[in-house]
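Structures incoming, each one as structure tokens.
Look at the two complexes coming up: chain A is in both, with chain B in one and chain C in the other.
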Partner chain A sequence: MALPLTYNFRNVLVRWRATLATILGIGLVVAVFVLVQALAVGLEKSASNTGDPRNIMIVRKGSTAESTSMVSLAQLQIIRYWEQIARNEAGVPLVSADVITLISQPRIDGRGEANVSVRGLTPVGMALRPQVKLISGRWFTPGKREVAVSQKMARRFAGFHVGDSFRTAGNTLTVVGEFDGSNSAFDSEVWMDADETRSLFDRQNYSSLLVRAASPQAGQEIVSRIEADKRLPLLAGPEVKYYGDQTATAMPIKILGNFLATAMSIGAVFAAMNTMYASVGSRTREIGTLRVLGFRRRTILAGFIIEGALLAAIGGVVGCLLALPLHGVSTGTMSFNSFSETVFEFRITPWLAAKGMIFAVVVGIIGSLLPAIRASRLPVITALKSV
Partner chain B sequence: MAEPIVKIRELTKLYSQGEIQVTALDRITLDIAAGEFLALMGPSGSGKSTLLHIIAGVDRPTSGQCLVQGVDVTKLNESQLADWRNQNVGFIFQTFNLIPVLTAAENVELPLLLTRLSRTQRRKQVETALEVVGLADRAKHLPRQLSGGQEQRVAIARALVTDPALIVADEPTGNLDSHSAQEVLSALQALRKDAGKTIIMVTHDPKAAAFGTRQIHLEKGELSQ
Partner chain C sequence: MTVSTFILKNALRNKRRALLSISSVAVSLFLLVTLQVALRELTLPPQSAGAELRVAVRNKISLTNPLPVRQRGVIEKIPGVEAVTPFTWFGGKYKGEEGMSFAQFAMDAEKLHSVFGEAKMNGDGYEKFNATKDACVLGKITADKYHLKVGDQITLDSTVYPGSLSFHIAGIYAGTPDDRNMLFRQDYLDESIGVPGYVGMWWLKVKSADDMAPVIKAINAAFQNTSAEVRAESERNFQLGFISMLGNIKTLIASISTVVVFTLVLVTASTMSMAVRERFRELAILKALGFRRRELFAFILAESFGLAVVGALLGIGGAYCLYTFGNIGKMTAGIFVSFEVTPRIMGVAALVAALLGIISAVAPSLSVARMSVVNGLKTLD
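Showing the complex of A and B:
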């Protein structure tokens, strides 16, 4: 038979002053744990919001990012009129030949400069990415040195708001519109006219092709046709998969986060252990009394483990509350894939908060294990005689 | 004469502290009849607590027998002893030993949590026990909201709530003023008279011992009369 939970709960609460440091410590660890995971979730979410299942992405074989990929004009001409590619009402094949280039731009907070991806594309390219919506100003006019900037980038870089202009490659570009990429990878981009980009940055070739397959079957045929064609040293695959693979960017964050959380949780385990040892120490006679009344060793053991878990759970709640204000806040980092600024949001999902709580409780249980064993091993008479 | 409730034969308890051996109890033989209120007296260090702890199944002797209601408690293992204590002995401590975070009623209920009683049955028994010690109106109070005498009466309620045949008390008035001591002793006396409990009380206060039906003295681990 177990001791009533209220007994454990009140014991944690009654010692709140003594345990406050431990609760905050565990809270901090949980907050870091949750936030790092929230970043990874945000990155994954960004990738999953990017691809359209009907689109096929084509890049140079061996390229690790769109910005280092290359598709020549000749290659584009081979592919463009394949019957497997869908066409719009006007009969134009839905092929977007994009040019990706990096520009260096000063950050708004004065913390130096960072690379920003510029995508040169055509109206067809925009039609293939319907999740990108104009929210202020207008789209760029082909033939003019105009750009549209993602709102999230506009908030992070200087000279990126509608009406602003900035210099790059010896020319002045004017921002005429801001768009929202619906938490996709396009939130990290600046868009302008494809031909304008090629002339401005002196590019003969394109970086990538995005095509709309006429049917899922046609999509597979495009992939195998490119694979089979000796003239095309290209790699084709579903756009969804392409961006999904880019989430590899989230891996270092996850690994770093897990390393941080592991290192910090060792500290938290010791904090919990210390608190629980103190609790056992100050309650030795109470333990003796319970034993005299007939409570078994294992009941005492379970009681102290439950108390450690409760203590840590309170810390877990504190940690989640500390992390919560950052939910939906966007942040950016240099992506090691594209070598440019990638923005994404902290996304604290209920499952993530639950994982944080589980993490806290595990820390509490591990931390209270040794103190609880000590408490339960005390001979009744020794416990009773302690002051 | 009826079979004694406690039958002690040649009970010895040795403590070895390094080289030196302390004889806490030296071949004690003692019978305690059912319904007795035995006052166990003697100077400090004479072995009173040790004897009480062995009778109550809290400590073990080095040798000898201790039968309580025919059961040799020295032969029971840890968990058997725990159950046996819960069902057969009520323990009252000098320092009350109430759980500070639990109310009077919750403290009294503790030993009942180990029984098969339903919640309502437990509530009823707790109420009765608190009424016996005259503290029904303090059921919801925490120990720190009670006076020392009241705390000890709650402890008495906790000792009698499982209706054990034997109640043991180790200097129950040692931490109380004379008025509170009087109340506690009267409560113990009433338990013997009204409920027929057997009570063993350790004390070195002759006035407290006078509440008992019999007084025995320990001196350096030996009974001295």
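Showing the complex of A and C:
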């Protein structure tokens, strides 16, 4: 039983040219598969990275994005001093009333514009989002028309670096700092003072409230209290869940990924079949010899299938290695939820790499199945006679 | 035996391999065509009739910021403007569905025909839309999807405004590039949300193509330094603005296309080398008989070219048939409405196939050219 495996393994090495082409072919298919899936994973990851389990997010009932949500000043006043909401050392309730607005900004390469989310918030709001860290410059001063921009957005839009300024709503805003959102949804935002945002964009109302519950028990109470209060047509829920639900944008990318994987794998199966048929064809005599030596049909069948799988597995490794350099590279597209630019990273998780490998091996096995059956069915005498 | 039957016999001597090679070329070219069409659809949306006379006016801050109703009078007075209508995004969800499956806009009923005249409606759709406040007109694709007909009532939950609204279908239109949208009356929306004095954006029609540039300029200037500065642009530029928002998706599709082509060349070239290596001996005999190198090259080239062309015919033709006669809206879950395989894309794919046939023939031909007759005759493989 041991022989055919070493035999098959050596064959992979001996017929290196065809082998190399097959390996590379499968490798490229796996690389494309892994990369497109890595985009979807990155998008979902950025949603799931956002939010603190202690925070409760409050938006208008029926709205699907913060930018179309609305919370009035009166509603804020009702909620602000509830005892279920935690307070800081100074006794100020940890309530962040944010204003979200979209501004159309030119891209850094000068090719068109895209919507950018601007979040107006207070120091309390920043304290509720500790994953956002300043990396250069300083935070904006309340009362001034200053903004801090996510570093990832600064790389994508014109006039977003520290010291730059840009015009919107008839006013000039100066960029005073860049922050890093630790791969959360905040990486796609521009932050500025809440009241400045309201005056600049002429908003009476806030978009959403983020509150820190005093305890998990209090969190549930806030949710049910808002649900029960007829004056509040609002919807409350854990911040983590709110962002977790915002992954619809990943759908088209997943569809694209699955389509590509299907179409390319069909092509790859044909290519692998061709290689395996050729290698079975040129080894007819050797196969006959193996049979004379007493190896059984199914051993030879298994040997060839393993050879194909091995070939494909090497291709899978090559594919993952080809995809790896793009891990962590950030990219962006329009989110269908917020109608604004969302930045996210290619994320190649171990599970994704494993899926790529499984995919490769399946292609290899399907591709070598028919040639292997043919090899195992060769009549000994004819096989030996062939040149 | 003529030269052509010789080549044909050679190409088909191993039918299985010929079939596999043709299939892999076909699948890859099918994929290439699909990606190119997707890229074209994303970067160059379908042009609708009448687009060259339409202007979109949105808030300069971004499309999501509203515009005050008072702007209307100013715009209507600008010379060259034929008709103006508000156009307000409603963001309604149908029957408790998870997301929005079609777009709804509020506009002026009597301006529908003058601004978006290419919408064809049977019966008295236009009149009924004018006459009833809660009337709406619905694109044929959406109507078919939900089995709705004229006279039916539909209720939508808005994601933008509080509450929901009910409408009666006055007509079902077709003949626009995207027959999915629903249009209803701005006065009905205003009434239900308490006349806020704001609309989403303005759409207008100019009298002639020559009026386009001056009208756009005049509108942009008219609201400069006001509380709501605007961006007026042609329908075409407005659409291109959406495409710019898609960001790196374009680059992604373009890179995948490149990888597909590269993989294709790699695999086909390798198959061709295999096919030639198998008959090294025969080629040596041909050489011994006095055939010249360039004749041998011609044999190999013709064979690989032939395989590539047959593959191309199947792949490109298959894609053409599928996307021309298939229901693309259903296949892509509504992401694409039209999926037009243009002659240009087919031409590019055919060119890739032709180059593929030539490149794949080069490597084996070189090794055949280099081999000595004696060595060739000795080859067993």
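Things to note:
One rule holds for everything that comes next: the second predicted complex is superposed on the first by the 384 of 387 C-alpha atoms of A that agree within 3 Å, B and C clash if a C-alpha of one lies under 4 Å from a C-alpha of the other, contacts with A are read in each partner's own complex, and residues count from 1 in each chain.
One rule holds in what follows: a contact is a pair of C-beta atoms (placed from the backbone, for glycine too) under 8 Å apart; a residue touches a chain by one contact, two chains touch by 3 or more.
Keep in mind that what you see is a predicted model, and the values were worked out from it rather than measured.
By the touch criterion stated above, A:Gly163 is placed in contact with neither chain B nor chain C. Which of chain B and chain C touches more residues of chain A: that partner is C. Once chain A of one complex is fitted onto chain A of the other, the partner contacts of A:Arg10 are limited to chain B, with no touch recorded for chain C. Contacts of A:Gly91 after superposition on the shared chain: neither chain B nor chain C is touched. In the superposition on chain A, A:Thr333 contacts chain C only, with no contact to chain B. By the touch criterion defined above, A:Arg60 reaches chain C but does not reach chain B. By the touch criterion defined above, A:Val32 lies against chain C but remains apart from chain B after alignment on the C-alpha atoms of chain A. After overlaying the two complexes on the shared chain, residue contacts for A:Ile381 are found with chain B alone; chain C is out of touch.
Contacts of A:Thr22 after superposition on the shared chain: chain C is touched, whereas chain B is not.
Common to the chain B and chain C contact sets on chain A is no residue at all. Taken together, the chain A residues at the contact with chain C in this complex read 17-18, 21-22, 24-25, 28-29, 31-32, 36, 39, 60-65, 67-68, 101-104, 107, 111-115, 156, 168-170, 201-202, 233, 248, 252, 255-256, 259-260, 263-264, 266-267, 270-271, 273-275, 277-278, 281-282, 331-334, 336, 339, 341, 387. Across the complex, chain A is touched by residues 53, 56, 58-59, 78-79, 82-83, 85-87, 91, 93, 95, 97, 99-102, 106, 110-111, 113-114, 158 of chain B. On chain C, the positions that touch chain A within their shared complex are 16-17, 20-21, 23-24, 27-28, 30-31, 34, 60-65, 91, 99, 157-160, 162-163, 225, 227, 229, 231, 240-241, 243-249, 252-253, 256, 259-260, 262-264, 266-267, 269-271, 273-274, 278, 332-333, 335, 380-381.
Residue ranges of chain A in contact with chain B, taken from their complex: 1, 3-4, 6-7, 10-11, 14, 285-286, 288-297, 380-381, 384.
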